[in-house]
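We just call them A, B, C and D in the order they show up, numbering each chain from 1.
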Amino acid sequence: DDAVARYALGLGDDALVLAQRLGEWVTNAPELEEDVALANIGLDLLGHARSLLTYAGSAWGQSEDDLAYFRDEAQFTNRQLFEQPNGDFAQTIARQLIASAYFIGLYRELSASADPLLAGIAAKALKEVDYHLDHSEQWLLRLGHGTAESHRRMQRGLDAMWVFVDELFTDDAIPGDEDAAPLAGIAVAPSSLRAGFDALVPRLITQAGLTVPTAPSARGGGRQGSHTEYLGPILAEMQVLARAHPGASW
Amino acid sequence: DDAVARYALGLGDDALVLAQRLGEWVTNAPELEEDVALANIGLDLLGHARSLLTYAGSAWGQSEDDLAYFRDEAQFTNRQLFEQPNGDFAQTIARQLIASAYFIGLYRELSASADPLLAGIAAKALKEVDYHLDHSEQWLLRLGHGTAESHRRMQRGLDAMWVFVDELFTDDAIPGDEDAAPLAGIAVAPSSLRAGFDALVPRLITQAGLTVPTAPSARGGGRQGSHTEYLGPILAEMQVLARAHPGASW
Amino acid sequence: MHAAHELDDDPDGSGQRRFDELIATDSRIEPSDWMPAAYRKTLVRQISQHANSEIIGMQPEGNWITRAPSLKRKAILMAKVQDEAGHGLYLYSAAQTLGTDRDTMFENLITGKAKYSSIFNYTTPTWADMGSIGWLVDGAAICNQVPLCRASYGPYGRAMVRICKEESFHQRQGFEILLELMRGTPAQQQMAQESVNRWYAPALMMFGPPDADSPNSQQSMAWKIKRFSNDELRQRFVDMLVPQAEILGVTLPDPDLKWNEERGHYDFGELDWAEFTEVLAGRGPANAIRVSRRRTAHENGEWVRAAARAYADKQSADGQS
Amino acid sequence: MHAAHELDDDPDGSGQRRFDELIATDSRIEPSDWMPAAYRKTLVRQISQHANSEIIGMQPEGNWITRAPSLKRKAILMAKVQDEAGHGLYLYSAAQTLGTDRDTMFENLITGKAKYSSIFNYTTPTWADMGSIGWLVDGAAICNQVPLCRASYGPYGRAMVRICKEESFHQRQGFEILLELMRGTPAQQQMAQESVNRWYAPALMMFGPPDADSPNSQQSMAWKIKRFSNDELRQRFVDMLVPQAEILGVTLPDPDLKWNEERGHYDFGELDWAEFTEVLAGRGPANAIRVSRRRTAHENGEWVRAAARAYADKQSADGQS
């Protein structure tokens, strides 16, 4: 089913691009434990991406690698949060906090999907993103309450990433399914996840002594292939070797 | 002449890779004047690279773009200093200080080359690199004598870049010209530039209140296509678009 | 400080009379001349916004410096972005002659208090956008700016003369990028057309809202800061674009675009002003990253500027001792 | 602190007698047991060097995480590099049981005082190097490390059991990378062979200098920290590699390599020990970037660790109040 495939593709792209960003941290983290933790989270996300892209590709006769390595920027349908740069550690934590809280809601609902494959992927992912949120939450507290510098950086990181929150919960983000009917019971309407997010994340931010940002949202449009200028260079690096050897297997 | 072409290629690659690094600073510099200054230096170097690659390519029926965009990492013959990451501003200044002092000696000698084209390129470049050195020198003083933090960073930058100095003056770096005879009078023997560098740069470092580093040298081998792990990602980004459209003209 | 000129600094009205006379005779107001506070304020706002636009405008193009597909284009692009930084600095200098210091203007930019041209809140996903920005965005900027070379305030007019020269060079380069693409492979042609589709309407909106909805324009025209209305400039721009688009072979994305024999101008369709308002309100494709990127650069560079200040202080202390 | 055990802590020689007996009966020495100062020192040096090697060894492979040519390989590579960080932490813990704290060991690493395996001073210019590192470098490491699982010091031996399990997994993955390349396109085959050409000799040198030139080995063998000589292990490794190379279809770059019926082993050519010494002395292809990269990460992360410390302090202060 093409609509289901495109739905899975969007979710897969979210996970893939974020995993790629987390991979950039490896060997550069503030301490070895964080090399391990960020790689772990990245690996989990990469696993979700592979399941989702494989499922999406099955509708089109394409492999996960066809989709990951041979699409251009405008064909990537990840939401913009996930392509944002790592920045400093605080910005990475801010991005991960938002992402993990979003994923928890998403995968909880999706694990009840009428599509058994999506439901299975979601159920497995749910356990993992739960740990991811815990990791971000711990660092949010440490950085928020730690030193004046860490507090300033954590707030700055939240401010920078918060503008990408609204896009996560925008319903027009299910491509080709504008009236939402065909995927009812299969896909999760992003807007239905907003309340859960709002009940959780602002509270965590406040507990860390930080302020919930209020800047206007970015326009979004990632699901339609609109991206900030940060995605192009990610793909250049990610795809360089695969594209240098078209048709090769690895 | 193949040997002259390979000589020009090496010099061209040095300039090209450093120009690419400096291009990364644009829109990210500590103040607007430095956006301008670093872009200026990068532009000059890009100009040198274009002249040198065009000249090299003329021996092989290849354009500057064939050489810049369609060679792989192992075929790039830049010395390793030039591919080192920008790091913080101090590391960039350290790299540029070493590079500019080296270029001044090189282009001064090369402007007397028996090869009129190389001599012409060198004579024009010489005026420009003189200004580049002045820029690095000013910042070396400011950062060396500025604050405790800037002093520490400047020293760290020098330490990190200094290990790539010896390679600049290694004679085996003229590929295919191991006995140095065929290019006598045309190419400049790198080792002949060492004394000039040593008479200049350590003095500048000392005047800035900093210490001339003494760590063992990196092995080098850039002229033979051996690179540190920083070159691959530079090329991935630089070449991505050109390679996506083979045969296209821009 | 020029602030001394303001408010109660013209008790006998002679300053105002001389100012009115200079304006009436198309002469130039210079920094040392008396000028109305509102004139000064309008100019500071306009010049600093223009400077900010140049600075933020570096980003959508800077995005392609490392990926430019030929060395020639890379060089042209680096030079262009560098020119924009230069324009920013040059305009800040002009604004400083009105008594507003650069640090304040820049601070207002990176804290989101000051405006910059909304057009730079669009993104540049493809190389063809380097062409569209040059051809359409710089083209529109030139239409706006050429009359400003005769702006009544001297330092501003003179800054604009220099800037316009470079801008028209940039516009030609943008046109050439698109021309090369349109003469290239089908993929290149498609890239060019897709990019023009995205940039055309936003470029037309750069002239600002229709005259009927542009309250500030009247006073600016009376002061001879502005010389033509938004709609006049927009018409001039469209008239200029159409034949150029024909040479390029690109289609301008407006089904209502056609020659009006009677008016001697091209008619064109309604613009989507709701979109304009959205972007202006901070919900454009790139608002979220533009200011924060420059602010990050500025914050990361704080230790560098601190070192430069400390060194300068030491130098001047040495000079005195 | 275990330092209390040292020097004058065994006046009646009973500690030494028990230690000798444990060694003689192939039993395990545990942290609370008395041990000779030199034994402790040897172990700390060896374990911390091993930990450092794992940590620095993340870099040549980390280099390809963002560019891995398939998602499966990307996942395997990320998991592997993460394992290496885990090994580093695990080994630091083992060394800490000997009374040397982790911060000191890590500080020694990033200030260049402590050693790590020279093999990680080679670079990884191609993807095939991910195969060669797995097959050759991890392969050599396993030959070295399997006997260490029986090392006389308990925490070290137990750490090695876990590490060896993961390493042999890594080695198989490396072999698979090369196998896939050798079954692939001509360009892939060439990439694999070129990489094996670069890594083969350095991998053989990982066992250390010939026995005749390895002064520390004797004591380590007597203490049953080390169980086989450098040359014995090297021979074992070569004997293992040759049939695997045949399966892969790669040529091992040694013209003197051939089966010796009489010895029941492969003969192989002289290694270039001058090269080994060069790399050890800091003049390998990547010495210059390895330590400085980790140090930069550490320095950039100082504010993060400071925040974590401050938060922990506040938490424990709250707990006490």
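FYI, a contact is a pair of C-beta atoms (placed from the backbone, for glycine too) under 8 Å apart; a residue touches a chain by one contact, two chains touch by 3 or more.
Predicted, not measured: the structure shown is a model, and the values here were computed from it.
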Shortest walk length in steps over touching chains, subunit A through to subunit C: 1
Most distant chain from subunit D, judged by the mean position of its C-alpha atoms: C
For subunit A paired with subunit B, centre-to-centre distance based on mean C-alpha positions, whole Å: 39
Distance between the centres, which are taken as Cα means, of subunit C and subunit B, whole angstrom: 35
Distance between chain centroids, defined by C-alpha means - subunit C, subunit D (Å): 59
Numbers and ranges of subunit B residues touching at least 2 other chains: 233, 236-237, 240
Per-residue multi-chain contacts in subunit C, two or more chains: 59, 66-67, 296
Graph class of chain-chain contacts, one of line, ring, star, complete, other: other
Those chain pairs that satisfy the touch definition: A-B, A-C, A-D, B-C, B-D
Residues of subunit A that touch subunit C when the two form their complex: 73-74, 87, 159-160, 163-164, 215-219, 221, 226-230, 232-233, 236
Touching residues on subunit B, where the partner in the complex is subunit A: 72, 233, 235-237, 239-240, 243-244
Of subunit A, residues touching subunit D in the complex: 16, 20, 23-24, 26-36, 39-40, 42-43, 46-47, 49-50, 53, 64-65, 68-69, 88-89, 141-143, 145-147, 149-150, 153, 237-238, 240-242, 245, 247-250
Residues of subunit D defined as touching subunit A within the complex: 55, 58-59, 62, 65-75, 78-79, 81-82, 85-86, 88-89, 127, 177, 180-181, 184-185, 187-188, 293-294, 296-298, 300-311, 314
Residue numbers on subunit C that touch subunit A, as the complex places them: 59-60, 63, 66-67, 112, 123-126, 278, 281-289, 292, 296
